[in-house]
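Down below are the structures I want you to see.
Next, two complexes with chain A in common: one pairs it with chain B, the other with chain C.
For the complex of A and B:
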């Protein structure tokens, strides 16, 4: 090995073509929608038009008699099992507050009744024949209303509870509470030369995967339910459907085909219980795909969070105290509420060295759309506050914000009390930072954006003003002692391998990445890997694709499985060659002696083991859970131009650096980084949920604006090398972190351009204009 | 609308006969993109007019004549002296929509966000409508109300005549949108006729953030006879509020829409003046 361990890698650290690229480019049947048989019944749902109401009566008899209708489901004819739709660990750190159907609706877009019919038109026609009487209840639309003394109670059902020992008080609309202290925050504030106390608000957003939520179910000839679904969490899906329907897990198989994006939205079980029930009741396959409007209104969203950030610094730039109070609006159901708010603290506060830290997070029900997992998961919201305040701190002491960050950020060998204090529904895990190339990220990003040319906003004149902003970021890689991934690998006669993983490729390329890792360990090539993933009957368990875990966690499981198979290959190879095992090694799909003069191919080894002597299947298995969650780090920069007459912002260039450890597949890492950054750019600039009486009024791409490729500003993704010893071949994670940058980067760039500081986004032009006018005044 | 049947008549007169026969059960189909916004599921028979030789752009005396079924992408790509229609077409939705969406479809049923009526009003275009003979309407007359009413009895828009801009004419347009494919928050188009530096005549039109595209007579009046300079443009733009009440748009307040319109008017006028001066050289 050279000093640079990545230099010797033959499979990892190479931009291998995605193994499903050709199939997708050729438009082969790949997605759930492609796989629905002609005879599948089509499911449609009647959604609540009210934000908060009790269903006093419901009559489905006319609907049941409508042409083509095969089933109508409502609260009167389905099992009433309380459960949680969030696919997380088990037991979930989220309240059990959901029924398949309930007698109460808690947001516009809550379930009322489902129809399954031969065609979509027939199902829709039947929905119109369902008569529902509602007793309207006072709705709760803001976290302040939710916390008010006599606030209406959104979850008054007696069954609601949380399955782990954490505070849950639905009578106060309180979903969860979490907090921690390190050092003495008040003292830290007193010791400061400058103090800061600002409140930031972050908005709703939807993930907008191009493939909407889609599920298909049928009952197989053995009477088991097979659910083919667009999910990030097939194993959680199986468990949750079993809970909701009151069936044993054994009765259910979940298959995930190719996925057209998830970004966290498909970490939730929103359709699968219904298609499974329809299939069971009718004996027919059942297919349900959300419309785009349904994706917005009843799909999951990013939790809007209010963050109060208090901090103190000394004149020399030492941070003496950081206090973060978060109020998380989780909407009508509480899934992911606690963990998202925990990540506001756990993924953000450790970034800067500080002895005195206070964190408090509260999660509240409202009668608005339901929050869920979304790439960035709380860190996105909290980094807006943190990185805006960091710029304010630097400004207060007249220091370059880049230097201020460099002086204060966490380094290799450091720890943070937050790692130990904040976990997911329990205490965290102490951790010392191994790899950290944040200094390099800062330096390379600064060079790429031209930080040198940045000038003070007071020197700028004219209508169009340019500004440069930056932010530093971190995230995690998996959830220690909670996440788990498994893999198995077996050899075939031609030296190819079946790699079976529970991990879920939702378009990210993780099947390819895991194949590269296994191939590297086995000293073979990636094209020898036949990957099959995410099938609860066929593949080992994996918690699923979330928490930036797949490469780091499931990658290590694949590596371990490959190492297990390799041991067997070496043993059999040595036997064939007539050499002791310690005198052979794996090189280029062969077992050979030290100088390569004697060797036998993997294919011959497989045949020998399968057909000739001491017959056995060479098969390796591996499971992995993590002891730590090593953060990837990033420095983001943007140059923008603000039209000070209109408040409109143009992004001139964006630089997104990332230290993700070893980039297992650099092209895919760059893709993730560019995609996540662009996702964050439109979240910061144009995406907004508009409401009238709790109803989203802009649930379409015509009115909810996400950036397309034609809107994409020049984005430069820079992979900055580091080596994380706890990860497979030095890898950490790449997928989430990059969405956290744009909101604070733009806030800081707007300030640098105009002197206007914005405390909420999206940075709609009217808001920007008002802030600019306030500076002028 | 729900397309249940499809007719492709061989001639304009056959198309008109079909439409008159079908009455409210018939619908002219050009690019068909507006169906996306007409989701009431009323069953209709589509009468396809895209193969009737109505897709062309050609000079015609002092005009450019654009056939009614000419796709927006053709208009976007067309170049000729004193031609300015490409500018706004480039800004309408996506390539895919522009490839099929036609000028006729854009102006026969005008949606609040339609951009072409704004430009055609400013340009003083003329619309040619076929009944049993051809009638020509000025833009002011044509866009006085929703033009769809004009086509209820089988009439068909056949072409649009856009005046070729003269040497001392200038054109400028502004479309403000949140993303490239988004509907406009405000669209402004301006045509200035200059005599030296003095504005002889002005046609300023607006769309989006108001109920229906229209001209802004108070803005125009504040320009005529004045010098084509920024101060005059700025003063004139403040008259936009007198012409029309501006609406809230995409969560922005009505006051902001008005402000945005005023700045956009100013920008459109600056562009028009530059255009006119450039051409005069």
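For the complex of A and C:
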């Protein structure tokens, strides 16, 4: 960037204080659980103990008579409307395969019946009085079992269908299929000097927001249902609850207060239909908060995916072919199945230049926990395969893996056939890369980790061996032609502004980021912004917080709304100053003439417009959708020490560089990067679902280990500047990309330390030890 | 509705109060019911720390303690620490350092840090980890929480050695 547009920024590109930080640090009532009234009924759910069964009879009469019980809901007394719980655009690229309650249960932790009572203890006591008879059906636990010739059919309900024209064949447990070809893959493999064909497996994981899923509903004085919920998708929530309950959207209001983390898990409607029904039936507020165990067994998870990666390269390092086949286990319901597997291809394959590409994705039902959206969204799974194979390629031709990546990665001005070929349930959108600072990311990260000191594994001896690994990554910024965000902004007498956004801050700091963007556009300061997000009655529409869209997409909507308000402020300011509008400008919360000798403050302009003359409300609106999804880029590095006697890995240092375009708020961008990276580290090293007959046996933080402050290795986040011209003030996305790095980085570091190559994680000691022993043998 | 109402008396944020409870009620539930909602429910199993309060100056998981167990003891919650006009030093550092993301873990972190600052005079990294290890955060990667805390502790330690 010869001219540096970021140099003049006064609000964006500064680490402005996060606007809700103080209220949260003071512990003020902020989250759904803090807002529940004392008289709220408590909801508890009876979950299926079986992975696959038909409910032949269910008797709730005893439960209904239990003390304190106000409602019991089950398949016999609720509407039966097929829908999808995934919070996505409409119509969804996911099957409608879910009822509020069904006569069949499809995983351990599927809904059977709900009780609402005065207290949690009473609700739980009543659950025990519900008698259910099950006809047990043969369960399906693996992708191979799901695809077998005469596999049990998990979704045999006749109502199931997918609302867009894509393949869906529930009789074969097939949720979706997607594929694309560019060039001639077979020819590319033939032209190669070296070929690779490896299969990688990525495991289940849960997002583990510290605030579990939580929802509250009441019926207001006008008879409308008000749902206050911990969601990433308030507008989709309204639409889906309306669909499930068979009510008009108009009857429902969804409010999102502060959210205690989501990471994708709360892009799903799992509680809201039930609390709404209870409130409707009883006239009482209804509150439901998952236990930690419920968060694991019935909350959404990361889809486990098997990736077969085939590739060919020339001796000079040219990649002649890449073929990726993905099998996605979506568990008992199909939400996000297709889109996650599509992102395995669309967010990964474009990273390296290659003319001959094959991609094939299949999504299958099993009787296991349900996959959903999880930060990284398919890219995490596929990057493990891709970046492991990239290291193998470099190794095969005796090239430094860093140099190999540098030689092959996509650059500004490049395109990829994948952008046009792979979208979300439809074709993608062609795109040329504008900003790309991946070279800088690679260089800065290499320096920070000390790449120079990296030596070949064959030169290492002794019990403890150190290794350095790296990976390059990309993601996207929103979904082109699908995502949309809206904002409005109005002025108050003192020159403050109400910024109303549908975008959903779930702890990321997006309210602050959007306020900075609006303030920059309006030439005022961020502290003048009163931000409200998000409330389906009050704020403009936004698809919600997912697909790394908020800064890039909702940010541009906020900028446009601010620009709209600014035009009105300029006009009124010019009128007050008695100057033509083309001779005034906005500077430091004032409208002034060119030399600043005549000026009027925003507060005075607001008072004039509201009270004095030609009265009107200065209010700007903006909405935005995108033509492209510019990828942020990242290079990750780690130095680890492997105990070759036990297989234990110690992470000595982790470096996470990122090119997110203009960092609107550098401190928050670093925070996103550090947090996502540690989540990825924890996923790669310790997090796992253990199953016995489809039941997760370790549903607690005692047994499902997420990293604590003691576990945390030193993480160095490095923001590498670039400028994305299509984004607000040059910004791209930041939130998701960083979680993709640790698994391949560690796999490559383990190889560099020991010569052992692992194709599945978490890299638990016994797994690593086995691989090391295989090298020695 | 109450099956077996009992009363429990303890000091909460400096005030002696009596509450109706039941033998099986957890301290966290009592506190939240009575409006001390800064302590959060994250797991109910003593594994996440979002419910941390101080009992006689020691950080405890209020989700594990029965309300009856705190009879006669001194309980302090986040509500006793800082105000909008006058946040505590650690709160201010967290705010300034961009260490508060979703914030759900933060009150618990602050209570553990309070116990650390009140009970120790020397804050080597290992001691800090010891006190803070029971508070999980899924958003921040702990980097900014750690450095905010370190800034406060370093200042405090410098003062301690001076005086």
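As a working rule, the second predicted complex is superposed on the first by the 775 of 777 C-alpha atoms of A that agree within 3 Å, B and C clash if a C-alpha of one lies under 4 Å from a C-alpha of the other, contacts with A are read in each partner's own complex, and residues count from 1 in each chain.
Criterion: a contact is a pair of C-beta atoms (placed from the backbone, for glycine too) under 8 Å apart; a residue touches a chain by one contact, two chains touch by 3 or more.
Everything numeric in this text was worked out from a predicted model, so none of it was measured.
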Item to complete: State whether A:470 touches chain B only (first), chain C only (second), both chains, or neither.
Response: neither
Practice prompt. Figure out whether A:686 sits in contact with chain B (first) or chain C (second), or with both, or with neither.
Written response: first
Worksheet item: Between chain B (first) and chain C (second), which, if any, makes contact with A:38: first, second, both or neither?
Response: second
Worksheet item: Counting only touches as set out at the top, which of chain B and chain C does A:702 meet: first, second, both, neither?
Response: both
Practice prompt. For A:645, select first, second, both or neither according to whether it touches chain B, chain C, the two together, or no partner.
Written response: first
Practice prompt. In the overlay, answer first, second, both or neither for which of chain B and chain C A:710 touches.
Written response: both
Practice prompt. Go through the superposed model and pick first if A:677 touches only chain B, second if only chain C, both, or neither.
Written response: second
Fill in: Between chain B and chain C, more extensive residue contact with chain A
C
Discussion item. After the superposition on A, what does A:421 contact: first (chain B), second (chain C), both or neither?
Written reply: neither
Practice prompt. In the overlay, answer first, second, both or neither for which of chain B and chain C A:769 touches.
Written response: first
Worksheet item: Taking the contacts chain A makes with chain B in one complex and with chain C in the other, which residues are shared?
Response: 702, 706, 708, 710
Worksheet item: Which of the residues in chain B end up touching chain A in this complex?
Response: 94, 176, 178-183, 250-253, 256, 259-260, 263
Item to complete: Over in the complex, which chain A residues touch chain C? Could you list them?
Response: 15, 17-18, 20-31, 33-34, 38, 67-68, 118-119, 121, 207-212, 258-261, 263, 289, 291-292, 506-509, 665, 667-668, 670-671, 674-679, 700-702, 706, 708-710, 712, 715, 717
Discussion item. With touch defined as at the start, can you tell me which chain C residues reach chain A in the complex?
Written reply: 1, 24, 32-33, 37-45, 47-48, 50, 77-79, 81-84, 87, 91, 94-107, 110, 129, 132-146
Worksheet item: Which residues, counting only chain A, touch chain B once they are in their complex?
Response: 645-646, 648, 682, 685-686, 688, 690, 698, 702-703, 705-708, 710-711, 764-766, 769
